[in-house]
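Look for chain A in each of the two complexes below; its partner is chain B in the first and chain C in the second.
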Partner chain A sequence: MVDTRGQLYTIEGVAAALIMLASAYLVVNATSIYTPGDTHISDMQLEVLGNDALVMMNTATNATSESPLQAIVETNNGNAFGQMYNNIVNNRTGQDQDHVQFMANVSYVRPDNTVNSTTLLNMSRPLSGGEHAVHVSEWVIVKAGDPENPFPRNRTELVEVYLWRD
Partner chain B sequence: MSDISGNLSVDFLAGFTIFIIAFIWVATMIPSLLIGLNAYPIDYNAVAYRTGVILAEDPGSAGPVPGAPCFGISSASGTSWESLPDKCDIARFGLAVSKNTPNILDENKVDRFFCWTVSADPNNRTTFSYPTDYQERAIFGDYPYQFNISLKIAGQDQVRSVGDVIPDGDYGYIRRDVMIKGSSNATIDAAVARNKNYGYNNTENVTLNQFSIELNQAELLDGITSSPHEIDYPAYQIDPGSDDIIINITELEATRDMTLHPNLPDSCNLVGITFYEQLSGNTYLFNITPAITEYNLTINETYTPVSLPAMVNDSVSLAFKPGAFSTAENADPSAPVFINLTFALSPPQQYLNNTLTQPFDYNYDPANVTQPQLQSGVLEVAVW
Partner chain C sequence: MAGLNDDAQWIVLMGFLVSFSLFFLAMVLNQSVVVGQTTAESVSEFPKYDIREIRGVIIESYSMPDGANVQKDINVLSLARQNSVVNFSTYSVGEYTYIQIHYNNGVTAYNETWRSP
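Right, the complex of A and B next:
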């Protein structure tokens, strides 16, 4: 940077400036990882909400009836699921509704140990690819027997829901 | 930097200027770097989440509140904080029915929680004041957070809320989907009385007709009952210690024998209500006397008598507060309770009477008792 006479030259000044700018650029980018309002908080909120909604749907309103989710899975009623889940997950204490979108699958293990997975509800809005979806699931005990099983019995099915906001 | 003749090189000046300009530019970027490191919004969301969990998943706790002005006064304990009149006895709010029933809220806890006032009256030790009582028992933390907690229950127009108006700017937020457990009630009408032979096979024309209602607290709590339905999940349980117990006796007039006594009786009075408990190891019954403030007696749907006897036309309603029976002296919270109503008629005749049959059992049989129902709702917590 300096010669024997202690002189700083233009090209070194430019080089020093570029190094400083490059460092500043790196620092700015690195700190943005720690900035608030990051996706993990809204993801957590969405996950809590989606999980609550599934658990509440799987809770019967009294001791003798079955839960709404159980009835929906037994009859494979995707429309009823969509309507009820939409009401619960988008319900707010104020007048306005939230805008959470979702899709749901249900799967169970067949007697031959293969997994049968079907779409319970197709997505409430077509996916564009840029969504940042979270996943929640709930086990449901279903009374209806397996149609492929000659000896019907209760089985557990896994309801999986993907949620995202527009 | 300079030679012995003292001349500055132009090359040096150019390089040094570029260096200084770049240095100043980077230095001015440092404050804007730190703006992004404001931690409050993260904290707000965390506090809102924590408060949401405490309210939705925790049954709360009675006991002294560390740091509160009335610290050291309380000796209460347990999770039925909602029945304690003195707020100094309440350590932590929590609306869940029990620790095993997350997101299932207790109606009485909800009612008590949303009963608040803004003015902090140091002499009022019953009503909660915003924000201090809530900060000490639900929000926690050293920072005096402001908040708004609201609950909307399906089928109810009114939204319950506590706290300030939510600001437009940054605030922490969480929403929980919940269910609210209602209370049970029993209606004893003409059909029930006829089915169970309450009075109908009683051919004796007695002056005093006794009607007895059994509340087997041990069976209700264990969920093991003689009824066909066994309940052991607290969300559907009838717990006299934390739930309201409501007994409505209606269509009393229909239990009279209309052929023998076609005219209305000259007088028909409820002359007494007595309470008995069958303590463990004993075959006989002990008389217990719950405080008169622990239950509401309503006669003919509107009239609340100050003392008995009171004239009865057609209905008697008894509403017991949570824990009404355990407030009585020597009461055992798990012993069967018998509630005896005595009616005096003139002229003597058949009336609601089960001395010759079985006491009416307040249990998990839907034919006897309308079971507790869960109602869906949504709980929102905003903190700033």
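Right, the complex of A and C next:
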């Protein structure tokens, strides 16, 4: 006498096992929490903002005058840079300001072909190491000399800015 | 299935259907968090501004009286600070000047032959 009653129990057991395995899989997977910051969308926006600000600063008002960024690099005027850059990246339509922090340095080539980087503007807030800064840069053609090269010789320098939001 | 009362099987089956569809909806919702990540990463990685700027400064340097110094600086600085190999040269055909620009930062390569207006 063959009894088929056990088949139903077997199927039930298999189904229950599958459901338990699926739940365990979901629970194990759920331990990695994925925050919106991990998608780097805000980093992309910050990078575009920083680059646009630098391009704006490196645009001269007419064909013969210097751009503001050129004048800043030639005179090593970190305060003017900080003020102008801060206005561009942090101003909003209303009264309140955005909270983008930044630091800037400028690199140039010495006569012996080594690269020297100096701080143009110190960070607006001390770095703790936890910031996720993005890096933007802008080429500037400088027509005056600098302390290491007193002769008026055309040169190009690279202005680099690190931006982060806190 | 003699002896077993199977009246409730339809109810259980429908319960399974509903719970599985909820499960798949939850999966779809879960994936929506990562929307835009690939896009944002490729936008950040692509050196659009670097190429645009270096192209502008190279072209500008050829119209400067002291351009050779500037061009030497561009090569050294881009390698040191932007991790990119930049190479460029110029030649003339007739009344036009051509500048060949090569940019490579290991991920993105960009080549252009620019012709003077």
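Here are a few things to note about the model shown:
Assume the second predicted complex is superposed on the first by the 119 of 166 C-alpha atoms of A that agree within 3 Å, B and C clash if a C-alpha of one lies under 4 Å from a C-alpha of the other, contacts with A are read in each partner's own complex, and residues count from 1 in each chain.
Keep this in mind: a residue touches a chain if its C-beta (ideal position, glycine included) is under 8 Å from a C-beta of that chain, and two chains touch if they have at least 3 such contacts.
Bear in mind the structure is a predicted one, so any value in this text is a computation, not a measurement.
When the two complexes are overlaid on their common chain A, residue A:Ser107 makes contact with chain C while staying clear of chain B. In the superposition on chain A, A:Glu160 makes contact with chain C only, while chain B stays out of contact range. After overlaying the two complexes on the shared chain, residue contacts for A:Glu47 are found with chain C alone; chain B is out of touch. Once the two complexes are overlaid on the shared chain, A:Ala16 sits against chain B while remaining clear of chain C.
Looking at the shared chain after the overlay, A:Gly130 reaches neither chain B nor chain C.
When the shared chain is aligned, chain B comes close enough to touch A:Thr93, but chain C does not.
Contacts of A:Val115 after superposition: chain C is touched, whereas chain B is not reached.
Taking chain B and chain C in turn and counting the residues of chain A each one touches, the greater count comes from B. Residues 5, 8, 34, 36, 41, 44, 48, 55 of chain A lie at the contact with chain B in one complex and at the contact with chain C in the other. Against chain A, the residues of chain B that register as touching in their complex are 1-3, 9, 11-12, 14-19, 21-23, 25-26, 29, 33, 36-39, 41-42, 45, 49, 52, 102-104, 150-152, 159, 161, 173-179, 229, 231, 233, 235-236, 364, 366, 371-376, 378-380. Chain A makes touch with chain B in their complex at residues 2, 5-14, 16-18, 20-21, 23-24, 27-28, 31-32, 34-37, 41, 44-45, 48-49, 52-53, 55-56, 59-64, 88-89, 91-94, 98.
Of all residues in chain C, those touching chain A in their complex are 1, 3-4, 33-37, 40-41, 43-44, 49-50, 53-54, 56-57, 60-61, 64-67, 69-70, 72-74, 76-78, 80-82. The touching residues of chain A, when paired with chain C in their complex, are 4-5, 8, 34, 36, 38-41, 43-44, 47-48, 51, 55, 107-109, 113, 115, 117, 134, 136-139, 141, 153-158, 160.
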